[in-house]
Amino acid sequence: MKTINVTIWNEFRHEKRNPKVQEIYPEGIHACIKKFLDVNEDMKVRLAALDDPDQGLPDEVLDSTDVLIWWGHLAHREVSDELVEKIRQRVYLGKMSFIALHSAHHSKPFRAILGTNGNLSWGRDQKEIVWTLLPAHEIAAGIPDHFILPLEELYSEPFYIPQPDELIFCSWFEDGHVMRSGATFYRGAGKVFYFQPGHEECPSFHNPYVQRVITNAVRWAVPNEIGYTVKDECPHITWKTTDEFNQ
Amino acid sequence: MKTINVTIWNEFRHEKRNPKVQEIYPEGIHACIKKFLDVNEDMKVRLAALDDPDQGLPDEVLDSTDVLIWWGHLAHREVSDELVEKIRQRVYLGKMSFIALHSAHHSKPFRAILGTNGNLSWGRDQKEIVWTLLPAHEIAAGIPDHFILPLEELYSEPFYIPQPDELIFCSWFEDGHVMRSGATFYRGAGKVFYFQPGHEECPSFHNPYVQRVITNAVRWAVPNEIGYTVKDECPHITWKTTDEFNQ
Amino acid sequence: MKTINVTIWNEFRHEKRNPKVQEIYPEGIHACIKKFLDVNEDMKVRLAALDDPDQGLPDEVLDSTDVLIWWGHLAHREVSDELVEKIRQRVYLGKMSFIALHSAHHSKPFRAILGTNGNLSWGRDQKEIVWTLLPAHEIAAGIPDHFILPLEELYSEPFYIPQPDELIFCSWFEDGHVMRSGATFYRGAGKVFYFQPGHEECPSFHNPYVQRVITNAVRWAVPNEIGYTVKDECPHITWKTTDEFNQ
Amino acid sequence: MKTINVTIWNEFRHEKRNPKVQEIYPEGIHACIKKFLDVNEDMKVRLAALDDPDQGLPDEVLDSTDVLIWWGHLAHREVSDELVEKIRQRVYLGKMSFIALHSAHHSKPFRAILGTNGNLSWGRDQKEIVWTLLPAHEIAAGIPDHFILPLEELYSEPFYIPQPDELIFCSWFEDGHVMRSGATFYRGAGKVFYFQPGHEECPSFHNPYVQRVITNAVRWAVPNEIGYTVKDECPHITWKTTDEFNQ
């Protein structure tokens, strides 16, 4: 069994300042996610936070991460552009995959990797129902045709993302909105998954279906064994492919 | 200005038997659609019904139809397989496009052209809100980010269609459901659009946005000027394409 | 480790009649594929042929098959419609996946599952170069950016398939043609993969990259653990999803 | 008839320095494209070049441009980041569409709008054959199933673009390569088309099929009449959509 190296990056500020958030995620959102991932013997999970040295992601961590999970919200702008570029590169070269949770739709790495602004509309916390559109997809394994989150932040279309490669979940919100809430994107030689539940003031990361989706997504996101070296350049070809066996 | 030849096929039975339907669509759903399409100078619209001779679609009608709009519900099975095959052929060869409305998700031609069973879940009439996911698409021209249908039949995911080529609309339903409600599919050399509103007991075809979507869809669906002859066969190639200019 | 039950169906006629084919695949194309799949401890592989009882696929075999691989060519029409419908059903219900090899583009099950006619152009055997378009995809694991098949049957665009969900490989042919040669399609709750190499008179199934692609595809195709029961019907919903926790 | 305002931006340096290029495009690549677009009564075409004031694209030009065609090669880096951001914004807001030709795969605006690095491999000029994969698409109108460019620069997969929304053309190259050569991408509320032929030392812009593709693409790319205002922000929603008719 091959080990999947997962790093969960969290802005980790709300949990320190807001008692309501502290109650739901006393050790932080990232620690909560780590807890339910840790039960999987094939996953080795580390935590990283914005206020850690190197914003939590020194090169030795990035270089040994297969799947980077990202939760950020109010401090998107504080993330260094240099770090964002390192993340984008690793995703494009197929060395690391990226899972963006909830408000990470507006994070620098998500926007850099996908290329869009990630804009959407948002509103008060309310009932959300997540619907499964693509039951055949690995990320939907074990998920019923729908499940209810009694309280989640309203996120609504229009959501300015590229058309997803696979649209796996779409959510209903009490106040009359829908949102593409689970979507994959191939980028370069790498893989990206966006999943919408996870407001800091809502207990969604304690929901067993949310946990299952994230667990599935980590397994789906394991970087592929690419049979050649992906370079960040436009190589010049000086031979004929058709004759290469004759050379 | 080139004329678009539109044929609207309607099962046309509910309107004759059910007073409630008769009140909403006294001359039939197809006549209602014809009325709002007729204001477009570039469209020439004809009507066809299941109980007409040749089930409304003799060869001379099919052969002079650019866009076939289909509404059927209870009598799907009565549509002749031979007719279905003629429709499928014309769509695949790029001679005619197909727009399936509402319960046509389960019609024989829709299932034949797309290849799926078109299954979905359904329930009582209720409030529906249609959300625009792909505002850049011609079929969404003039449509706001959302519009409300005060009363429509509940259609719900899971909707067993192939992943659409373009997912333009997704709808919210009062009872907690979502539905991919506007989607395009390229098939063979032809084009297909599915649009979900339009239950016979609901006045959706009188809604200006529904009318605009269908009008847009007709223009989008005009068969392309294909620069070669599409044949229903697997041709054997006996020459080298690379040398064809030398022959 | 969960076992993947693979059944390889082969028309198995060319190998009995044509000495040239017999030389390349003495025990049949299906036996050749079985041989390289058998090295995987997680796969249990069975063979089936058109001339076997029940055309090789009695219900007990279908019911215990996770992934059905299909090779057929001249006898497509002899496959019983009843069997085709059983296969289509199982794929749509997410119980079994379908991998179509080479001339299976025109097989009854492929056409039934995808809904298109599967037409393409074809010609003389020649050099083919398979290019990897989506290196991040599991099916491309271990495959270089391109590999050469010194002799394969020319298959050419236009290939009348729906736009693939994932276009993984595209091939170059000596005489000037290209062909989408590796493509996935989600259908209903199931999964489909088409792979173009594999003419009976060419040794492609002995090529290590072709073997790797098919091996990868089997793993990708394992039916998902669907978290609800997919039925072949349109269920009527009589409750409000939003209230279901109160019931 | 509504006028389409087209602006063709050209780096316009090769034509001034390289006699070989001068011979093929004496007035510049942009002037050549203008010439064949000008025959369309519905198009009003302007030229812009890197060495013009404001790099050819002052705000008043951008604000009155529906479709921006871009050809750049050696001087990608000289294009100002501010201008790139203005272009990206207008595309995302659905005010202007972007057509990238040939080496514009590596231009700043293309990379900014799509989000990928646009890397590919390249080599010597040779015979290219463009194959039509999606004959139903407006951009393929009038184009045969394939056409030959006797001399074009080799551009090869792997081409690191997102999976296209519509893959319309794929090309064959003499030396053994394939390339996704015509592809559309919806981005934000806008539209993007990439087309690969057009090396400065090759006469492809004189080819009638290349001209037809670009002409078709301009018509396809006309920004949609969006029925609401797309803003570059994440608006906060303070009302219930479900009740908006009651307010």
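Order as written gives the chain letters A, B, C and D; numbering starts at 1 within each chain.
Please note the rule applied: contacts are C-beta pairs under 8 Å (C-beta built on N, C-alpha and C of every residue); 3 or more make two chains touch, one makes a residue touch a chain.
From a predicted model like this one, the values you see are computed outputs, not experimental measurements.
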Per the definition at the top, count C-beta pairs in contact and tell me whether A-B or A-D has more. A-D
The chain whose C-alpha centroid lies farthest from that of subunit C is chain D
Euclidean distance of C-alpha centroids - subunit A vs subunit B, Å: 37
Taking each chain's centre as the mean position of its Cα atoms, how many Å separate subunit A from subunit D? 31
Can you list the residues of subunit D that touch 2 or more other chains? 129, 132, 134-135, 145-146, 156, 158, 163, 165-166, 172, 176-177, 186, 188-189, 230, 241-242, 244
So what shape is it, when you link every pair of chains that touch: line, ring, star, complete or other? complete
Given the complex with subunit A, which residues does subunit C contribute to the contact? 94, 127, 129, 132, 134-138, 140-146, 148, 150, 165-166, 172, 174, 186, 188-191, 223-228, 230, 241-242, 244-245
Which part of subunit B faces subunit A closely enough to touch in the complex? 129, 131-135, 145-146, 156-159, 163, 166-167, 170-173, 176-178, 180
Can you tell me which positions in subunit A touch subunit D when the two form their complex? 92, 106, 112-117, 119-123, 154, 156, 158, 160, 162-163, 165, 175-177, 185-189, 230-238, 240-244
